[in-house]
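Each chain gets a letter, A, B and C, in the order it is written, and its residues are counted from 1.
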Amino acid sequence: MLFQPAIIALLLAAGLAVVMLAGVAPFAIQVIRHWDINSGSERQLALERRTYLFSTLLTFVLVAQLAALLLFVFNADRLSVMFVGAMCAVGTLNVNGWGFPSLITQMAVFFLAAMWLAINHVDTLARDYPLVRIKYALLLLLLPVLASSFWLELQYFLGLKANVITSCCGSMFSEEAKTIAAEASGLEPEPALWLFYAGMVAAIATPLWHWRLGSRISGFLTALTSGAGFVAAITGVLSFISLYIYEHPHHHCPFCILKPEYDYQGYWLYIPLFIATAAGLGAGAMQPFARSPSLASIVPRVSSRLAGLAVGGYILFTALATWFVLSSNLILIEH
Amino acid sequence: MNPWLEKQRHLIDFTLASLGRRKTKNIGLLLAYTLLVFVLASLTLFTHALRSEASFVLAGSPEVILQRMVAGRHDLIPPNYIEKIGRIRGVQKKEGRLWGYYYDTVLNANYTFMARSADEVADGYIMVGNALARERGLAAHNTISFRSYSGKLFTFEVSAVLSPDSELLSADLVLLSENDFRRFFEYPAGHFTDIALSVANPQEVRNIAAKLSSALPDSRPILREEVLRTYQSVFDWREGIVLTVLAGAILAFAILAWEKASGLSAEEKREIGILKAIGWETGDVIRMKTWEGLLISLSAFLLGFIAAYVHVFHFDAAVFEPVLKGWSVLYPRFTLVPTVDGLQIATLFFFTVFPYTAAVLVPIWRAAITDPDAVMRA
Amino acid sequence: MIELSNIKKAFNQGQPNEYWALHGIDLALEAGKVTAFRGPSGSGKTTLLTIVGCLSRPTSGRVRFKGEDISGLPERFLTDIRRQSFGFVFQQFNLIKGLSALENVILPAFPTGRPRHELVTAAEGIFDQLKLGHRSTAKVEWLSGGEQQRVAIARALINDPEVIIADEPTANLDTALSKEFMSILEGFTATGKTVLLTSHDPLVVDSTAVHRVVGMRDGRLTED
């Protein structure tokens, strides 16, 4: 393992999140077993108060996860100098097989936590807390995801070994430089362009529809198109948006756009994208409960507000991406 | 304005007033917090500055250095060795270099002597590094004598003192002409210390190094990128070690924060009880307390970071210098170029604000669930 | 306006020191009237007020407020109702030390997110009614007992509640101040507010300002 501050910080954060969530898991089980909203007993009161702890904790995990995700990528980019053949974060993440799985799990934790918080939010607006049991069962399901995210991250960092000069022998040329496997997405720019804009139109139109209507089907579709929109957006970044930002026809990296050399343009793209996707997924996550009598009026109201957020985020993302493409000096598609 | 924002403003107002009312309690915590940030920030700022100093210096050095090995030890480059390399595609320039160490009994320090071409340094003249000039009280046109390893005394005139820009590497440097170098060290004619190769395309470096090792099996090519990598990991490693040593301090601080947050005074408990009775919700109290934590964290972070910045860049990191700099006796007294880096700040945040927040989370919740009817029962 | 049926309240349930403060209370309280609960200490009158005022939930039984059953509501919603509909004047006043009178008065409105200038205007209006205008910036610990109580009353009024609940309001006041308090009470009924108070002070219970007296003993209502 590399003994490096950012790595220690990331492991500390992930480990602490797991420990905290695992620490409160027994209480979640108590809530599931003994919850009785109609009881005036002191135990019920204590359980109710415990729910505040869970939502505070999950909010904390969500915020920490977002920060950790940024730090993870940021640090991977910085570490690339340590590995033969690695030019940026992609290379570092490819040093061993755990890098990308770890990154993807961390994103999953972020989106799952956002969905849980969305469900939690509608539940606390209903006077009878109809989703308490479901919510805490979901929370218990989130725990293994969080734990595996930590485990993957640990495996990844444990497997990192820098190619440094040792005192006996300076040459390591017997070892071939690793290929950067994710010099990603050999997609041609033109079909990629179509795919990207089709994805974005869907990801904007569906939540817009849901925002106006608030119906259940449109809510489910919002989650679906948000998920698909996220994939389309990342594919778009990989296949052509990054090329335009770098003004280089073969540089496909989704991480270098976060660097100061490119004016941090990546943050402008990713932050609206992540927020929009989290909002869209959250809007969908609450739809299965829209028929519950006390939530009937709450779910459409909250989910259409989230859909509005998703629309805004995707519009911002698409507009910025388009602007970066148009203002670039690179020409990929001849007219 | 949006009621949500307005509400947060009210909560911040209340928090500020309540922090003001409990100055002594909060100042202790703030001091400990600031001290922790200060120590950690000094550490990261300093190592980062050293790291960028090193890469700045290395930027000007050749891409590949070729050393000859005899019995696993670094040996002189014999005559005609350079010719044996022959032409390798991609190599722009190759030249033999002459350098060595000289132990000065006056300062009990090692100097690096390096030969330069005659048009840079004329025979009888030397250029010296800044630290050396300072310690020996040298300025341009002064003369200085060194007793060579063979016992003979050589006198040189200082033609210039090297610029202090990158003092970390040039501090102990003495530049002299090739003739003077060979005479001073009685260096065998035609021999060199090592060979420097310039390579234009960075992608080619590894191929060229591979060709060199196969053409000259008794040689060892050292790549600039590898040196850089080694520097990086050495600095990272040292920073990591110090951080681990400081982990105890972080833990102690987290315990202090936990203790402060859970050991509410009777007065504070009463206040929270009153707030809940008059219509504050548990969530409102949690939010208010979160603002309190954020305000404390941000002020401690800002104060500690600024103090660390001043400490590192204006007082040359007086506290950490011995731990983190090299082993050389002749410490370069260089002014570090102030560099602040996002990754460092983010990491620092994780080491300070994250443990703090984690430590106070449960105590905050515990305080917030006070019975609303407690004030009526008392 | 408020209907209680078979309200029971236990403390330390399931433990050896279990204690039932209320043994099945049935009561209806009218809007716009002043009702006083009278009884010795430990009779359960304060506990009953906390249940009526949404500060706590009954262990069993039903509470209906304006026709809605609120007995099973989680704390979060009880707090909403309490903030909107009930104002409290506590026996010990329970003001927050170190804050000015004005700051204390606007505290209950913080969670509503009303803009500050609006709150300050409202608070100043109430201060003028209670003849406290000149003391609004003074810290509460510098105020006299009577002034402190008027600040506490002002705080109870800031969210314009329909019901004012006062627990032993005259316990810490001399006769003159107690009479002044009763006249303030009459002002409330004039504006249509409902007042609920506990007291064993004859000056309060026998006052003409009180429309109805409910006697309590050992967690049960007594005939009056």
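Everything that follows uses one rule, which is that contacts are C-beta pairs under 8 Å (C-beta built on N, C-alpha and C of every residue); 3 or more make two chains touch, one makes a residue touch a chain.
What you see is a predicted model, and the numbers here were worked out from it, not measured in a lab.
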| item | value |
| --- | --- |
| Contact graph of the chains (line, ring, star, complete, other) | complete |
| Nearest-to-centre chain - CA centroid comparison | A |
| Chain pair, A-C or A-B, that carries the greater number of C-beta contacts | A-B |
| Chain B and chain C: spacing of chain centres that average the CA atoms, whole Å | 63 |
| Inter-centroid spacing, chain C versus chain A (mean Cα positions, whole Å) | 49 |
| Chain A and chain B: spacing of chain centres that average the CA atoms, whole Å | 32 |
| Multi-partner residues of chain A (at least 2 other chains) | 49 |
| In chain C, residues with contacts to at least two other chains | 75-76 |
| Residue numbers of chain B (touch at least two other chains) | 282-283 |
| Residue numbers on chain C that touch chain B, as the complex places them | 46, 49-50, 55-56, 75-76, 79-80, 82-83, 88, 90, 92, 94-99, 103, 107-108, 110-116, 155, 159, 167 |
| Sites on chain C touched by chain A in the complex | 10-14, 57-60, 71-77 |
| Contact footprint of chain A on chain B as seen in their complex | 44, 67, 72, 206, 209-210, 213, 220-222, 225-230, 232-233, 236-237, 239-241, 243-244, 282-283, 286, 342-343, 346-347, 349-351, 354-355, 357-358, 361-362, 364-365, 368-369 |
| Touching residues (chain side chain A, partner chain B) in the complex | 2-6, 8-10, 12-13, 16, 20, 49, 52-53, 56-57, 60, 64, 67-68, 70-71, 74-75, 78, 81-82, 84, 162-165, 168-173, 177 |
| Partner chain C, residues of chain B touching it in the complex | 1-7, 9-11, 13-14, 17, 20-21, 267, 270-271, 273-284, 371-373, 375-378 |
